[in-house]
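Okay, handing you the structure first.
For clarity, chains are labelled A, B, C, D, E, F, G and H in written order, and residue numbers in each chain start from 1.
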Amino acid sequence: MDIREVLEAVRKGDMDIAEAERMLRMDHLESIGNDVLFDESREMRKNIPEVVYGQSKDYGTISEILKKRKGKLTLVSKVDEEKYAYINSLVHGTIYVKEAKVVISGKMPKTENGVIGIITAGTSDIPIAEEARIMAEAMGVRCITAYDVGVAGIHRLIEPMKRMIDEDVSAIVVAAGMEGALPTVISSLSPVPVIGVPVSVGYGYGGKGEAALMSILQSCSIGLTAVNIDNGIGAGATAALIACGRKR
Amino acid sequence: MDIREVLEAVRKGDMDIAEAERMLRMDHLESIGNDVLFDESREMRKNIPEVVYGQSKDYGTISEILKKRKGKLTLVSKVDEEKYAYINSLVHGTIYVKEAKVVISGKMPKTENGVIGIITAGTSDIPIAEEARIMAEAMGVRCITAYDVGVAGIHRLIEPMKRMIDEDVSAIVVAAGMEGALPTVISSLSPVPVIGVPVSVGYGYGGKGEAALMSILQSCSIGLTAVNIDNGIGAGATAALIACGRKR
Amino acid sequence: MDIREVLEAVRKGDMDIAEAERMLRMDHLESIGNDVLFDESREMRKNIPEVVYGQSKDYGTISEILKKRKGKLTLVSKVDEEKYAYINSLVHGTIYVKEAKVVISGKMPKTENGVIGIITAGTSDIPIAEEARIMAEAMGVRCITAYDVGVAGIHRLIEPMKRMIDEDVSAIVVAAGMEGALPTVISSLSPVPVIGVPVSVGYGYGGKGEAALMSILQSCSIGLTAVNIDNGIGAGATAALIACGRKR
Amino acid sequence: MDIREVLEAVRKGDMDIAEAERMLRMDHLESIGNDVLFDESREMRKNIPEVVYGQSKDYGTISEILKKRKGKLTLVSKVDEEKYAYINSLVHGTIYVKEAKVVISGKMPKTENGVIGIITAGTSDIPIAEEARIMAEAMGVRCITAYDVGVAGIHRLIEPMKRMIDEDVSAIVVAAGMEGALPTVISSLSPVPVIGVPVSVGYGYGGKGEAALMSILQSCSIGLTAVNIDNGIGAGATAALIACGRKR
Amino acid sequence: MDIREVLEAVRKGDMDIAEAERMLRMDHLESIGNDVLFDESREMRKNIPEVVYGQSKDYGTISEILKKRKGKLTLVSKVDEEKYAYINSLVHGTIYVKEAKVVISGKMPKTENGVIGIITAGTSDIPIAEEARIMAEAMGVRCITAYDVGVAGIHRLIEPMKRMIDEDVSAIVVAAGMEGALPTVISSLSPVPVIGVPVSVGYGYGGKGEAALMSILQSCSIGLTAVNIDNGIGAGATAALIACGRKR
Amino acid sequence: MDIREVLEAVRKGDMDIAEAERMLRMDHLESIGNDVLFDESREMRKNIPEVVYGQSKDYGTISEILKKRKGKLTLVSKVDEEKYAYINSLVHGTIYVKEAKVVISGKMPKTENGVIGIITAGTSDIPIAEEARIMAEAMGVRCITAYDVGVAGIHRLIEPMKRMIDEDVSAIVVAAGMEGALPTVISSLSPVPVIGVPVSVGYGYGGKGEAALMSILQSCSIGLTAVNIDNGIGAGATAALIACGRKR
Amino acid sequence: MDIREVLEAVRKGDMDIAEAERMLRMDHLESIGNDVLFDESREMRKNIPEVVYGQSKDYGTISEILKKRKGKLTLVSKVDEEKYAYINSLVHGTIYVKEAKVVISGKMPKTENGVIGIITAGTSDIPIAEEARIMAEAMGVRCITAYDVGVAGIHRLIEPMKRMIDEDVSAIVVAAGMEGALPTVISSLSPVPVIGVPVSVGYGYGGKGEAALMSILQSCSIGLTAVNIDNGIGAGATAALIACGRKR
Amino acid sequence: MDIREVLEAVRKGDMDIAEAERMLRMDHLESIGNDVLFDESREMRKNIPEVVYGQSKDYGTISEILKKRKGKLTLVSKVDEEKYAYINSLVHGTIYVKEAKVVISGKMPKTENGVIGIITAGTSDIPIAEEARIMAEAMGVRCITAYDVGVAGIHRLIEPMKRMIDEDVSAIVVAAGMEGALPTVISSLSPVPVIGVPVSVGYGYGGKGEAALMSILQSCSIGLTAVNIDNGIGAGATAALIACGRKR
């Protein structure tokens, strides 16, 4: 029963007030939660697929979750090949994107809700960029990618930047490890928001993405924000959300 | 001379090739810079005012910069009252927003390029939120603010969130110090991207915004990105950039 | 109007269902907040005074808050003497506990909701211990204190521990800076929960309470938990909450 | 011989004073230790089982300890399946709770010394919550659990919180990794002390429980204290100790 | 009454057993403390003066402590000139060693309990070295000092090292800031234990003594141990304790 | 087509201006990149071999890169024996320097562009020193090495230092783990720049090269600079670059 | 030839001055090194065995070192069982102390140069304590050990402390992980210097010995110094050095 | 007497062997130090002026040092205006470079030992760059400077880089705070070694030069090394040393 039905039952005398009050207070709390309150939010968010963080879960748990989802679009991130082999033996109809370590269960959307750009500094950053790409595509957003453009050869940046601007991307994801200078450089050239993803590449002092994260956060380039180290999903989702916003 | 003029001079025989090559290579490098290359970028970025980070500059330097800008819209951030007094005695026609510690020089735009929301967890976060607001308004973006909504009383969040969603904000800035839980909560309720600004409030372990920054980066809420601690300018600018993108 | 009144209006036909639904959904959200839901919570929590963290607020803001509270019991923590002088000139009827840097506004309770113990390792830890004491007393809980008992002379611990056990304290707050060994030692002797408060005393590596916090968290003594460095208010409140719980 | 017996021997002349003094000073020091001094403490603490931290001990050492304990209730924490297999082949009559990685040796109590609540933010936090549950139950305290309630959907918190308050829990343990916002939210709704357990889930900056620990310590919610990362045993024991205190 | 007196009263029948037991257990706990147990310890330690850490105490507290000590040898460390001026106006008969920021109250010993060496790398390390020297002299130990010997010019080390070895020092204190290489070099040349004191000189990464502390702890030179940054008192006391040990 | 060819085509009327402009702007951007601009730079840099950071790349990626390089001199660093076995089975004609974990593909130069010195503190630092040596030799620079000279025995430093100075080295690379004092000592004796390479040897506080890096950065010895922990390639390359500079 | 022989050759005219000068300057530098200068040092240090840090060396390197040492007393630390198996197959006549992970090559001394105490807080600290014991015994110093005395039960400390004082130990090594409170407690009871060894036991915040190291360095107990985490060798050597000093 | 004179005295019989040996061993140690051994080093280093780190020294100490130097070229770094006023009143003939906070005492050289480049990212980095410039000039090296070139506008880098390459600089110093991306970009364009100086500008996470230092150390650009944060002196000196090396 929803609120309206309770109220009508009260009006008709089919339900006494004490019972109605109890239902409205306690039993129906779930329906008074935010899902009810923010219809618009829910509507706008409905094209965001479920994402399962696969690293801290074993294959059994993941398989169970996928079964429960019954084919609704679900991404499982940070799944290595071995773990996928087990999942694959338990759940049918999934796709494994090895480069990105992502399992896709359910149907990817066909609509185009917008377009974003994805750039990486080096080849080691590509898996995280691919994670971002899959997430964005799962939200119905097309991705223009330019991988391994480096930071030194500015001329290597110009062609892909030009292409992205020409195609009117809504946001650009830049994945970079090591010293993480690329997001700053891209952001200074970009007319749209840039989401920097530090990548856990690098060694010694500032290694494992720490220097890259710091660089992105210290950057004074307007329009640059950060997600956590290796969080390709988050970067792709935010960029896609911006794209979807423009589409509306 | 721009590229076209050089080429025409060459075609007409008014300039020999060596000279033309020299101009195209060395002397005109400045014009081959990114300003030339990215006309569209430049156009799209033209409503971003100049921002001067005032903390590490003395009043003399700031005053000189403002004079050089000759009334073009310029914001100077992190300026305390005493420093402003000196600046004010040297440069005419500036406005000082004490709460935000921002000096405004030049005319704020009258256009409305979009609308964003700005929320703070506590009263101590307001100066940073105000910094974000001024920056966004300087980009011609209207701001709906809801300050001091806390994190505990979920019902205090609901009314402002509803209002922001109703007004179709393009992005929401959430400023929070201490444990920094609010950006996560807001982001989970929001249909649009949320930019979390950690605020340097708090003490002991995780104080000075460190816990808040970590919370935002660790959050698995889709659509949440971070700027550095106390970087209200960056948060406001990114939110406004998203809003402007939708307006185009 | 509360839920019951709305329901009765519906039953009586004084309000139509659409209006009732709207009220129950949006306009009355505030009353559907947690205050309404958790009557018992609210009741149990009602003897917790308002606490204002005074460090990051100027005297003007604090004075305004105190005036708004209209004499309801309020503690303002981390207020130095100079700031209090200003507050005192603006707000009447407050008490300043210099040792604890706490301003008390409103009446302290006379009831005794229980009893707790408060112990410090050194004299430098006393201000934080006093903060805890005032907070607990503001919740109607009596405090037995034993300050500067050191960590080395175990015999100096025994007498106060004995007294606290004899008086059946519900919990013990232990404030300690430097190497922070005392909370572990006390906890191992104590039949009741111990709340360790690291104090920002100490220098060099592990200084400013960091070593003390680590010691408390690393301790394997059963029943020992931590609050953040210098958080006397939090420690006192938790201990008092435990005491109040037993009283019920 | 205890003190009384020595004294009686002296009175009867069966022991000379020098000998008695020696016994009272040196030889009997062990009996003058804290076990003797704090009879009440010992009594109150007697329902706390022995806990062995299994991670840094090999199966041989653990087996030996369990044999020495001769069936008195003992918990061994952080024991993985493989290590348990070895222990099981050496010691009879133990139970292994795989989810919590805890070995139980001896009989769990049947009395009910009170009741506490245990909540987790996500599924990855459950092992630590289970560790807390076993510890509390080993102290004769009943546990109401609510796992995977998230932090975003406030309505999902309300039902279990209501149930816990209705059952008059004495304390609530909240286990949370990632950004660790849940303990703050729960504590703000709770009339009883909350013990936050950061869980070593999460990645990049603030990963491995660091952000969660910081969030808990930075939180200004009254009544919230912290144990170290993954210390489910400590959290369960403290919550149970509070419950037992009320029972007395 | 001490233990023997109680026992004699029991033997004579002047005290009944219950009373004697009570006294031996509770009332006399203080006398069963470690002062009683370790007569030898106490004797050996009796030439260690009281040390008051002056930094976290105001002049009032310090003055009060000095008065209570009634002229027994007491050192107050980390007292700046201004604070001493106040102390001097309240307490008579103290000496202030400005270079070391130490206040001496009471008589320094005249005996020579041994001899130690004290070396500094630079001139900035001298205040900490002087703190060590005063502490050692307050324990009746003579000090041979060699300040500002650098780390580069190995020949500048040789003469003072030779002198110290000739005079048969029992231990050497080495104070060093910046990169802190000197303690390692000295220790490798020294036949006696070396106590390294990191000094809070230096800037940027590893500044404030952190690099020096790390260097000392990482050093694989046999016989080198560390005290905390700027802890000249601790270094001097340990070196003197070693010297006193040889004297016995 | 290069700039000159475009210009000539324009002059000859073989290309219209719009086309020429387009080519000069967009299509030929790559050729206007820094390779074109800095002919001298490129010339001077042409003896720097390609370096591939092997650690974060799998053998497949590395093999592919080597094949694409078609025998041009390429170094792959941080490749363990197992990974090399796979590479070796896929790419012919490579050399594996096990000690340095470096794969060499292509011909090492025979010219002598200068000479540098390489020194290590211990035997554990040798792999990093060897990495530096191979890099320098790949740039045509001869290396004088002195490994395991320690820091304590100053006399052990003198002979190799003398030899290096006699052979007029242009720079000295010093690899050191643990407390990292050696680079400071060498630099103070050296007439030429010293490049310190912290090595990830050591344990506990300041382990994994952190203390060594700090020591090098804190050192006030003139002429000493640092590369990151274990970055033998970078140190060797910089030293060789200095040597090549003198040769020109 | 030593200095005297050169001088005599000069006096006799058997060597010309230029040659003599050369020898005294360059060729004989080694003999002018510290071994020559500090005869006494060398004498006093001659009972310190060679120690090889085994962790960062493979079995081949270790075996080679042991062979070169030709039976002179050598300890190899941090060698696990598997590595020892290989060493044992290559080098004859070594002893492996599994508990301490130390390989002993050569004859342990029979003299008694003094006596020290070694105490551990828990059972997990024993391996490090055993490392210290072997080192001290290798220097001819007898060790009184008391393992697993805890920190809580003060009475468990008293008996071993009494015994150590009675046997007149020259120094006490205290190994402790977790919160590391024991070294402080022991030091406060001890008449002789205490060397604290933090042990890498513990988890979460302050784990791996960090909290223990901080506790020892923060402690204000007179006579307590620290070695790095798990550095049992260093602690044992320093304590033994102090003991040997008293023996002279 | 130097070695030769002693030997001749021995040969002539003017000095007996025991005396000669004593002189050669002990009394003349200073002359056997490194100054004697490395004549060439000393010669090559003689154009390096004395540098005094002024921050941790008071004006009295600095003045005394300058007087002792008797007009030999000396730089005092990190001296603020107020401190200089005092120094100026005590020592005559010094020059104060306010921008760089450097005091120059003695005559700057007129020779030109080479040329280097100095570049800054922003205006806030200029003081550190100026410190480097003065140091280099004090070593007789000419400096080409290009300040405030930013990181975003690549075209702004090209002109100064071209000029520096044309003038054949031997090395380039790049000072950068905030995210510190510039040294990486410059190094990738530069044919000569680049010395990166992180500048303590920036705020929040990675502020005070930490992000910049990390960026420089993480950079994989060949030829880039780092000095510590704000160490302009060290950067300038190293660059000048490289320049001087080419000049020889």
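Keep in mind that, in the parts below, contacts are C-beta pairs under 8 Å (C-beta built on N, C-alpha and C of every residue); 3 or more make two chains touch, one makes a residue touch a chain.
Quantities reported herein were computed from a predicted structural model and do not represent experimental measurements.
**Q** Treat touching chains as neighbours and tell me the shortest step distance from chain B to chain H.
**A** Steps on the shortest route: 1.
**Q** Using only Cα atoms, superpose chain E on chain H and state the rotation angle in degrees, rounded to the nearest 5.
**A** Here the rotation carrying chain E onto chain H measures out at 90 degrees.
**Q** How many angstrom between the C-alpha centroids of chain G and chain B?
**A** Computed from C-alpha means, the inter-chain centre distance equals 59 Å.
**Q** As a quick test, compute the distance in whole Å between the mean CA positions of chain D and chain E.
**A** 40
**Q** Of all residues in chain B, which are in touch with two or more distinct other chains?
**A** Answer for chain B, listing residues that touch two or more other chains: 29, 32, 34, 37, 152-154, 158, 162, 188-189, 204-206, 210, 213, 217-218, 220, 228, 231.
**Q** Which pairs of chains touch each other in this structure?
**A** A-B, A-C, A-D, A-F, A-H, B-C, B-D, B-F, B-H, C-D, C-E, C-G, D-E, D-G, E-F, E-G, E-H, F-G, F-H, G-H
**Q** Which bits of chain F are touching chain A when the two form their complex?
**A** Against chain A, chain F makes touches at 26, 29-35, 55-57, 61, 198, 200, 209-210, 213, 228-231.
**Q** Considering the complex alone, what residue numbers of chain B touch chain A?
**A** For chain B paired with chain A, touching residues are 34, 37-38, 40-45, 48, 51, 53, 158, 161-162, 165-166, 170-171, 188-193, 195, 213, 217-218, 220, 222-228, 231, 234-235, 237-238, 241-242, 245-246, 248.
**Q** For chain D, which residues are in contact with chain E within the complex?
**A** 3-4, 7-8, 10-11, 13, 17, 20-21, 24-25, 29, 32, 36-37
**Q** Which residues of chain D touch chain B in the complex?
**A** Residue positions touching the partner: 151-154, 178-181, 184-185, 188-189, 202, 204-207, 210-221.
**Q** Inside the complex, what are the residues of chain E that reach chain H?
**A** 123-124, 152-156, 158-159, 162, 201, 203-206
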